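Next, two complexes with subunit A in common: one pairs it with subunit B, the other with subunit C.
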Partner chain A sequence: MVENARSINIAASILLAIGILYIVGPLYLTLSTASQSYEYMLRNGLAWVPGTELFANMGKVIHDTRIPVQMLNSMIVAFSNALATCALSFLSAYAIVYFRIRWAGVAFALILATIMLPLDIRVITTYQVASNIFSPLNAVLDFTDLNSLIEMVFGSTVHLELSVLDTRFGLVAPLVAHGTGTFLFRQFFLTLPKDLFKAARMDGAGPIRFLIDILLPLARTSFASLFVLTFLSGWTQYLWPLVGASTPDMQTAVVGLARLVPDADGQVPDFPMIMAGAVLVSLVPLTMIALLQRFLVQGLVLSEK
Partner chain B sequence: MSSESSMFSHRWLPVLLLAPLMLLIVLFFYVPVFQAFYWSFFLEQPFGGGSEFVGLQNFQRVLSDPEFWGATGRTVIFMLTASSLAVVVPLMLAIAADRKIGMSYPARNILVWPKGIAGASIGVVFAFIFNPFVGLMAPLNSLFPGLWNPGIDGTDAFITLVAAHVWSGIPFNFVILLAGLRSIPPTMYQAAAMDGAGPWRRIFDVQLPLIMPQLFLTFVLEFTESITSVFALIDTITGGGPGGSTTLLVYKIYVDGFRGFDLSGASTQTAILMVFVLILAACQFFFLGRRINYER
Partner chain C sequence: MTAIDTAIRAAAAEIALIGVTKSYDAKNTIIPPIDVTLRPGEFTVVLGPSGCGKSTLLQMIAGLERVSAGRIVIGGREVQDLEPKHRGCAMVFQNYALYPHMTVAENMAYSLKVSGVSKAERAERVGTVAKMLGLADYLTRKPSQLSGGQRQRVAIGRAIIREPGVLLFDEPLSNLDAQLRHDMRVELAELHRRIGATSVFVTHDQVEAMTLADRILILNKGHIEQFDTPKAIYHNPASVFVAKFIGSPPMNILQVEGDGSVLRLADGQVVANYSGIGKFQLGIRPEDIAVNEGGSIKTEIRYREDLGSHEILETKIAEQNLRIAMPFGVEIDTTQTLSLSFPQARLHLFDGETGRAIANAFGDAHSASVKEYQ
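Moving on, here comes the complex of A and B:
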């Protein structure tokens, strides 16, 4: 199609240039300030040109703060979040799509509803549950009077207590309780031809064999997309790790970074050091985006279709 | 026969497959949601000090608290300003990046980067960039003292929050809207061009109507997102201040619950916020969703 679209192309180019500047600008200022000394920042404020102190500032972050340990925590949390979400969502979507069960619709609706109310909204009571994950069981036992029955038989009531606060399991589990992955895999399964199933059945494949030998290899890209998506979401969580872990050695890097900024007013904080921390903390997820961007974009599109 | 033969019949295997995720969802989603509503009718003592049924007293207390209404008002204002910007800015960028021009390739790559940067990280960065003494506005501030100070002026602090929110929201909305634009068949453009519609005209007559489903979806998700994910930004940029002018509901709940140990008050506000989010989604779905033609 040949037509004169010069005016709109120029406008589009300018718009995109502004957009790129808006995204890259703060990142550039972060990096350039991270490479200047504290004295330079006090004299000149924002650093528009990079300096030579980047590694010195990063060294300060690595030696003087708990960021290295916290980055390891972030790594573990993000990785287990991604792995657990992929595995559990795959299994539950498989059960919903490929089994003749009457309550499949209800189960799917129950899983999907989790998307409506994010963890940040229900943080107060999620914290209470995490402080004793048997509390719902205890409540049920009390409420149904089963406990008085147990008391009669065994002589004492049952009251179980197990806190998952300050554990890595506790940091990850509430993040996995989310429906996006199941939704994504369900959508994928529904696009597969029905003949695939029939052919596999004809060849004598049972549910487990069909799952492992046929669906698993076909779903590789879906796995990659969901993995990237949930890894990034695990790494960038803030409110839950903030309350779910109270010791610095259990907190995640993002929380640790926010804690580098002193609360009290007065002296200008050591911004170059804090910016170096921000660079360190963002290094892993940004590398991941650079390398696996295709899967990220696909995951974002798939998870909302 | 058709749908029957494409499914396994098994009694316990599907239950077993669903059990792990379901267990987590019940434990960390349904129990907390239920408990928020349950606690809003009880006076809870912190640290497990017992509870007492108080009926609607918690709601009376919360609803007569001017701070609650202030935080609710600010939440609504933030939701309207930040989420419309967080959809409109990526929309314009997506329409621009959909054209075959040199800039669109780097843009498609770079505009996804913020997805990897935590809200709290960019909050720390924006707090520095918009710092009145050493940040971007410092030179202007020395010329016109008091022009920009998010530490004192609530509006400045609010603007900083909106700017940071739009920054973090670009990747998702951009990708979704661009995917919508790219799925418009080229014949549509050709037909419109035949009818004499130039490229500017086609934005409004072809592109916008045809990506309505994506636009609707980004709005629905963005409304909830702007209410909840703003916590990380508030906590790192403004701390709710100055003078409570950036204390949104999600931050107030955190402060009341975790710093003030007012579990009943925090649960009651959580319950109100949940109902608000659900009503909002339902409204958008019924009033907006019906008018959109999903057919292609």
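Moving on, here comes the complex of A and C:
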């Protein structure tokens, strides 16, 4: 096989080059389009050559569109989504691993099942619940006939209504409960010495103290990696922000970008400006990855140094 | 006694278990009711095969497992419903269970920190304990930067820093290699002498039990088989289980039948005089068998193991295995039939059904010989 190494190397290099072209090509086109003027694009079509209008285009995005407000929305949504997911996953994994719960296995299986039911599948029901978060309770009251009982006693039925559509809470809440984080923390907790909890109890530390003093510092890297991953997925969410928020000031940047394409037929969209917006919107997750990429790797290999 | 010793020495507490029971459900009883009292300052080793309930027993004393029934009294206080921190116990775990993100000093001081001891006093007590355990140079290291023996010492330091009246050890030496295990055994014995806390040490290693214990508690499926000094257990095992568990190689147990005057093997050979009738189990330690001294019991060697200091001969007698330990320097012709005799004073007789020892089966000569060991 040794004599074949050279030809294998060449083949591998060619494959790699094709792969790079496939990934970097669109990126290049985005950047070069973003740096040309609208008029240049109208005259020449696809902009294969970089121009000088990048900052002018970005200025247009900042001044003429709602993208800055929407980026702030994205920031809030992605940040609170990441924080809430981390906290919820950490606590649920803690309960499952460290306490003797009767149906712990079943509970964990149900939590894992949420991975198979992403928001995109249950978007209609999620919308129904978000438009009135008491609708499940109302349904239970109606279904169990409790309502007729209440009507007999109090004279009228119970029907509660509260819509969280078009609020930041409504944008975040459906994204938070997700099994991946629980799974990540559970696997991490299982790699820790199993007598740690007992040792802490012998030292006089109760469950809360153990959580804060021992578990939290140990899970630092898992926390960071889950935070980065959920922040990125929260930032790039498209479907739920699209239906969950209807006013432009409440929408996220990714949805806002799509809305920059004019609805009217026949008009050529201002692609240089849209591309400049796309570059602008990508800057946040890009910085995040650049700064925190070591946590991404560390957290996924689940090892504590 | 040095100043360090008095600084760490705590008031040793008596531990009394009264009808202590553990069961997970109606069918699954781990420990049937146990009654036992451990004297203040005593080093008790709980010995038994894996799954006999010895760790569960220890965790019930510690407060990490609830008792299903019964009472635990430590130092005159009923503690079975108290949290571990209120029982005055400290524990050393098998896998050390050190906090990986804390330094040696922080690990040892954590219990003091939780109970609100001032920073200055914490530092002082950590210094004392570290000096005692030879850890003074490692206080700023993390557990991952320490060797196995050092980690074990940190775990011990973490336990003794609170000056507990009771020290609990859950197989603390089984993760160490043979040489280190021996060294730590010596250190533990030394430490116990200096600290004086009532200690309970769980292990499945009979050597640790024999060398460390004031008294050994032998557990079998949750039952106490025997609770006595190492010597008494070795020379007067209370049952076949104990006899087979203590000693290396273990005691030979032969199935014999009594006809009212002698005990016979299945092939008819007479092995001892005894007045009982029926089935019995006869025990004799490999080193107690006399070879080629005009004995009447015949056997052939199947295999020999030369261990340097002594030799183990594997033989078969009436279809039952019999091991003989020969002292160094005795020449044996392996092709010849051996003639053995079982010195009456060294024989142990057990009931054929229950396996319990029959006391004074061979007269007073036997107990006299035990007395001289004690």
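Definition applied: the second predicted complex is superposed on the first by the 290 of 305 C-alpha atoms of A that agree within 3 Å, B and C clash if a C-alpha of one lies under 4 Å from a C-alpha of the other, contacts with A are read in each partner's own complex, and residues count from 1 in each chain.
The rule we apply is simple: a residue touches a chain if its C-beta (ideal position, glycine included) is under 8 Å from a C-beta of that chain, and two chains touch if they have at least 3 such contacts.
Computed from a predicted structure; not experimentally measured.
Visitor: For A:K198, select first, second, both or neither according to whether it touches subunit B, subunit C, the two together, or no partner.
Guide: both
Visitor: Give one of first, second, both or neither to describe whether A:V129 is in contact with subunit B, with subunit C, with both, or with none.
Guide: first
Visitor: Quick one: name whichever of subunit B and subunit C touches more residues of subunit A.
Guide: Of subunit B and subunit C, the partner in contact with more residues of subunit A is B.
Visitor: A:I96 contacts which: subunit B (first), subunit C (second), both, neither?
Guide: A:I96: touches subunit B, not subunit C.
Visitor: Thinking of the overlay built on chain A, is A:T180 touched by subunit B (first), by subunit C (second), by both, or by neither?
Guide: neither
Visitor: In the superposed arrangement, which partner chain does A:S32 touch: subunit B (first), subunit C (second), both, or neither?
Guide: neither
Visitor: So in the superposed three-chain picture, is A:S222 touching just subunit B, just subunit C, both, or none of them (first/second/both/neither)?
Guide: The answer is neither, since A:S222 touches no partner chain.
Visitor: Which partner does A:T65 contact after superposing on A: first (subunit B), second (subunit C), both, neither?
Guide: The answer is neither, since A:T65 touches no partner chain.
Visitor: Classify the contacts of A:I214 with the two partner chains as first (subunit B alone), second (subunit C alone), both, or neither.
Guide: The second partner, subunit C, only.
Visitor: I'd like to check the shared interface: which positions of subunit A are touched by both subunit B and subunit C across the two complexes?
Guide: 194, 198, 201, 304
Visitor: Mind listing the subunit A positions that touch subunit C in their complex?
Guide: It comes out as residues 192-196, 198-205, 209, 213-214, 217-218, 304-305.
Visitor: In the complex of these two chains, what residues of subunit B are touching subunit A?
Guide: Against subunit A, subunit B makes touches at 4-10, 13-15, 17-18, 20-22, 24-33, 35-36, 39, 89, 92-93, 95-97, 99, 101-104, 106-107, 109-129, 131, 133-136, 138-139, 151, 167, 170-172, 175-176, 179, 186, 189-190, 193, 198-200, 217, 221, 224-225, 227-229, 231-232, 235-236, 239, 250, 253-254, 257-258, 263, 266-267, 270, 273-274, 277-278, 281.
Visitor: Can you list the residues on subunit A that touch subunit B in the complex?
Guide: Subunit A reaches subunit B through residues 1, 3, 5, 7-9, 11-13, 15-17, 19-20, 22-24, 26-27, 29-30, 33, 41-42, 45-46, 88-89, 91-92, 94-96, 98-101, 104, 107, 110-111, 113-114, 116-118, 120-130, 133, 136, 173-174, 176-179, 182, 194, 197-198, 201, 206-207, 210, 232, 235-239, 242-243, 254-255, 257-258, 260-261, 263, 265, 268, 271, 274-275, 278, 281-282, 285-286, 288-289, 293, 296-297, 300-301, 304.
Visitor: Can you list the residues on subunit C that touch subunit A in the complex?
Guide: 59, 62-64, 83-85, 89-91, 93-101, 110-111, 114-115, 144, 158-159, 170
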